[in-house]
Amino acid sequence: MSLLATQDLTVRFGGHVAVNAVTCAFEAGTLTAIVGPNGAGKTTYFNLISGQLKASAGQVMLDGHDLSRLSPSKRTRAGLGRAFQLTNLFPRLTVLENIRLAVQATRPGRHRHGLNLWSIWSDHRELTARADEILVAVALGEKENELVANLPHGDQRKLEVALLMALEPRVFMFDEPTAGMNAVEAPVILNLIRKLKEDRTKTILLVEHKMDVVRELADRIIVLHNGALVADGEPADVIASPIVQEAYLGISPRDGTAQDGSAPSSGLAPRAARSEAP
Amino acid sequence: MTADLLTLRGVHTHIGAYHILHGVDLSVPRGQLTMLLGRNGAGKTTTLRTIMGLWHASKGSISFDGRDITATPTPRIAGLNIAYVPENMGIFADLTVKENMLLAARQAKHAGQIDDERLKWIFSLFPAVEKFWNHPAGKLSGGQKQMLAVSRAIIEPRELLIIDEPSKGLAPVIINNMIDAFAQLKASGVTILLVEQNINFAKRLGDTVAVMDNGVVVHAGSMQALAEDEETQHSLLGLAI
Amino acid sequence: MLKRILSNDFPRSRVLAVILVALLLALAFTPFVFSGVKALNVAAKVLIFLVLVASFDLLLGYTGIVSFAHTMFFGIGAYGIAIASARMGPGWDAVIAGLLASLALSFVLALLVGLFSLRVRAIFFSMITLAVAAAFQTLASQLSDITGGEDGLTFKVPQVLSPGFRISETPWLGVHLDGRLICYYLLFFTALAAVLAMLRIVNSPFGRVLQAIRENEFRAEAIGYRVVVYRTTSSILSALFATLAGAMLAIWLRYNGPDTSLSFEIMLDVLLIVVIGGMGTIYGAAIGSGIFVVAQSYLQDLLKLASDATSALPWLSALLSPDRWLLWLGLLFVLSVYHFPTGVVGRLRAARHSA
Amino acid sequence: MNALDFDWKPMALVPVLALLVLPFIGSPSTWVTLTVAGLAMGMIIFIIASGLTLVFGLMDVLNFGHGVFIALGAFVATSVLGSMGDYTSSESLWQNLLAVFPAMVIAMLVAGAVGLAFERYIVRPVYGNHLKQILITMGGMIIGEEMIKVIWGPQQIALPLPAGMRGSLLLGDAAVEKYRVIAVVVGLLVFAILLWVLTRTKAGLLIRAGVQDREMVESLGYRIKVLFIGVFVAGSALAGLGGVMWGLYQQSITPQMGAQVNVLIFIVLIIGGLGSTTGALIGALLVGLMANYTGFLVPKAALFSNIALMMAILLWRPQGVYALGK
């Protein structure tokens, strides 16, 4: 049974359909790259899954449970973790405090997910220990007492990823994690994602533009264009397919795929929810 | 009359604590169409906003037609006959299409004073603008809003057009109209600077190109040369054209 | 040991620590060090404002909620004691009953105001609380049969706190051991306990989530905190402490009326104190209250002197007359928001880093 | 805007409220008197609120000190009217107008001038920071109120209606005060002028556009800061005019009158939606009617009824009746 699935997920803003009936299933332990040009609806699709946006139609299913009525915080506690494309952290708190807040939100313990009014925050050693572990993993160990507002852009992108990992979710949703990172910083994050993939229990969704990263990490690619799912398959043949070229390069249609993203004619029809595990 | 209408030298921009542009050098030749390409977050939109003075360059210089406009306030930059279409199109939703156009036409006190010839030309390029003339702009679809945004930029003769992703959400036939429009504008001596994702659109229109990554221009040259050079495209844009 | 008492939230600036200790000692030994009734009244007012402003900062500085309904809860606390004592006669049962009733009413109102804040934009919420506080003030002055209307209620406090009560005839270290002294120390220890409790709350896991909500409410929800629950709890806690401060005021003054506990001027004082002291820190409320109340009480005497001195220039002496002390308060208010944004505590802590 | 898709529903609120209350009041003539009184009070509040809704909407500036211009206008009017005794005492309306009109104009000029200084020294340094704006404009109001007390003295002053405006007309068997009809007329006039400016002139278009996207208006080459100062000064002048009319409506004024009216104005802004002049009119009329109706039925609950009205509307539209497409 697929861990996460969206069923005819749709959202309309006024007349404009931003996400157009996307049906897709994500297996536990796989990394699916989500590709598509600007304004294709990738971030909007994430907003629908993580609950920031209410869908006009369709559902989001986790472990077979329908999440549609749950608030973003309930979905996160159900195991849906998300990092954002536009960095949005807690600027006037320190790096350590940012991570500890995420660790505290989901990990069980005396702090009762933050609803504990009477113990001293710093007494909860296990939170600090876990936070330090994660900071070292993203190479932010020595900046733990710096205010996030003073961090350079690359470090803030690292903290976005660290915040997601601190939630220890079952589904990791990365939205262009290495955008704005330089050649030294990006590999650190990509190694992290690779390690996550290797332990085979996590489901990872990765919105990414860099095709070399996608080729290397993705078990499978889905392509969104004008809000619709236009391709879904193995990395090698999806990248080479005319649909991606058309979706990315905007070449006027040659092979009958209408511009408004109706189902492609070639063999790469979106894969129905598969019954058996890979 | 220098060859370049607009030149940026070593421009740095900070937004709050974030350091976005790390020394941008860019020259936009007079009478030509320059394409600004690059991945998300590379700093394309920040560069345009810094040129327009919406964000201030913390270091470096920007000059237009030989004049330093690094610290010039936005209204005065626009007053130098520079038209700007932002990424979110900047449509005034509660005003009608006609009122949007009237605001763009600085010389016109009321709709009657808008240059009829030019308006007819715009209607021929973007029929939706005429069709919804007295309609609140907020009711238009994404593509129609994009057409209105571009129409506002060309309602009066301008020396420099700066447009952030003109082709976004437009049907191919409209994109072709836009390509004709830009060609005619170039012919009449207007200089154009476009940010684009749609590489094919860029290839068909661009004279010169600049590719940005991580807040700096990593490649600049003629569009033709880049179009033929498969290998650089791949390394710069991660995808073969 | 100190770490536990201060909930590991140290002043982090030697100068600040010295000032805080001085404030604590001054308040603790006021009856013995400063003679005269005025000094005792000023000290009591500092204690009351300390609790009121700290509870306001719990909402404004820590959670980022701008609510002008804070004086409403202050008034409810004061009226609770006044009405109970007036109706049930002086005694501890009246005080307890009045306090519990007002805490219950504040709880319900804070819950309503808190939940309503989610329906509307932040700007509207601040304006709505302004309207609610104004309406409550008019209501208090209109329901004269309960609240004593415009001229309020005078009542007696439990016998042991009343001026007439004597522990022993012989003054000790030059101070009469009467009911007023006991009442003062009741206020002192209540205020100390309340402030330390608030210090613990803001340094608990719950307090840290409040700061996350202040910094980025959207992301706090996204990482798994039900922001509704935290904001409403914060509003309720802040209201309850304000109610306690109101009760302290009533017990000390043995009187309560709409102007003493509900007027908009009190809200302005609280705002000025939180700005002068420094937002987002309980120590800011402590320092701010100390400075402000002392300045306010003696400013009027100062103005009296200045006004008489400049009687030759009528318009100048009109400007300096004690009745116009609000004018100088307003000027101080505007200037401190401009040039003193982080307040005393912020300035001292910044000095420590750069020093 | 073509009338087809104009959102009529909020407009209907005013007649609906008036009719809903009719059965409770019993005699139709009292209802008429109360309704006219409500409309007059509503119009005056509208004049005061119309400027403020643009200041909030256009530059996103929270001015909590707008009330000071109301008091300023009223006190200036007392001085002007005081010095024109023979005009105000004469029975003929025209003679009265020869005194009241200049009083209004001078009140508007003085309030506008103080508004210019208020924007320059109080508001401009805190653009973009809502909390500081609230704190500082409140400080500005205290300073304003105290200066009024220094100049005109702290006590309440009478502002009697000129002779010609006193008394009332008979509408059927309902007595309607003359002044209240004048107030409604002046209010409608101000609304008409504002609407004409906002829809027919380029400056009006710029203001409406600026409320939605300040950066784009600047990118089209217009100096929005200059536009805003104009709006702020006009708003202060209108508040001055409103102060004169409020003083005449109450027949007496105090330096603190600004703070009391401030609360009503906020309720009007919230109901109407920030930045919407039509919204401010609807909000003001609703508040005026509600205040007069409950003033008659349940005197103690006048202010509470307006808060209940505001809460009800917010449950229907959390952004106010005409939330702009921001």
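As written, the chains take the letters A, B, C and D, and residue 1 is the first residue of each chain.
In this section, contacts are C-beta pairs under 8 Å (C-beta built on N, C-alpha and C of every residue); 3 or more make two chains touch, one makes a residue touch a chain.
In this text the structure is predicted, and so the values were computed from the model without any measurement.
Common neighbours of chain B and chain C, listed by label, are A, D. Looking at which of A-B and A-C shares more C-beta pairs in contact, the answer is the pair A-C. Rounded to whole angstrom, the centroid-to-centroid distance between chain A and chain B, based on C-alpha atoms, equals 31 Å.
Per-chain CA centroids place chain A at a distance of 46 Å from chain C.
Averaging Cα coordinates per chain places chain C and chain D 34 Å apart. If each chain is reduced to the centroid of its CA atoms, chain B and chain D end up 43 Å from each other. Multi-chain contact residues of chain B (touching two or more other chains) are listed as 138-139.
Not a single residue position of chain D touches two or more of the other chains. Counting partner chains per residue, chain C shows two or more touched chains at no residue at all. Arrangement of the chains shown, judged by which pairs touch: one closed cycle in which each chain has exactly two touching partners.
Every pair of chains that touch is listed here: A-B, A-C, B-D, C-D. Put simply, chain B touches chain D in their complex at residues 52, 54, 73-75, 78-79, 84, 86, 90-96, 99, 102-104, 106, 109-110, 134-136, 138-139, 152.
Taken in their complex, chain C has these residues touching chain D: 60, 66, 116, 119-124, 126-128, 130-132, 134-135, 138-139, 142-143, 264, 268, 271, 275, 315, 318-319, 323-324, 326-327, 329-331, 333-334, 337-338, 341. Residues 50, 52, 71-74, 76-77, 82, 84, 88-93, 97, 100-102, 104-106, 111-124, 163, 167 of chain A are the ones touching chain C in the complex. Those residues of chain C that touch chain A in the complex are listed here as 3-4, 7-8, 200-201, 203-209, 211-212, 215-216, 218-227, 229-230. Within the complex formed with chain A, the residues of chain B that make contact are 16-20, 39-42, 138-139, 141-142, 165, 167-169, 171-172, 175, 197-201, 214-215, 238-239, 241.
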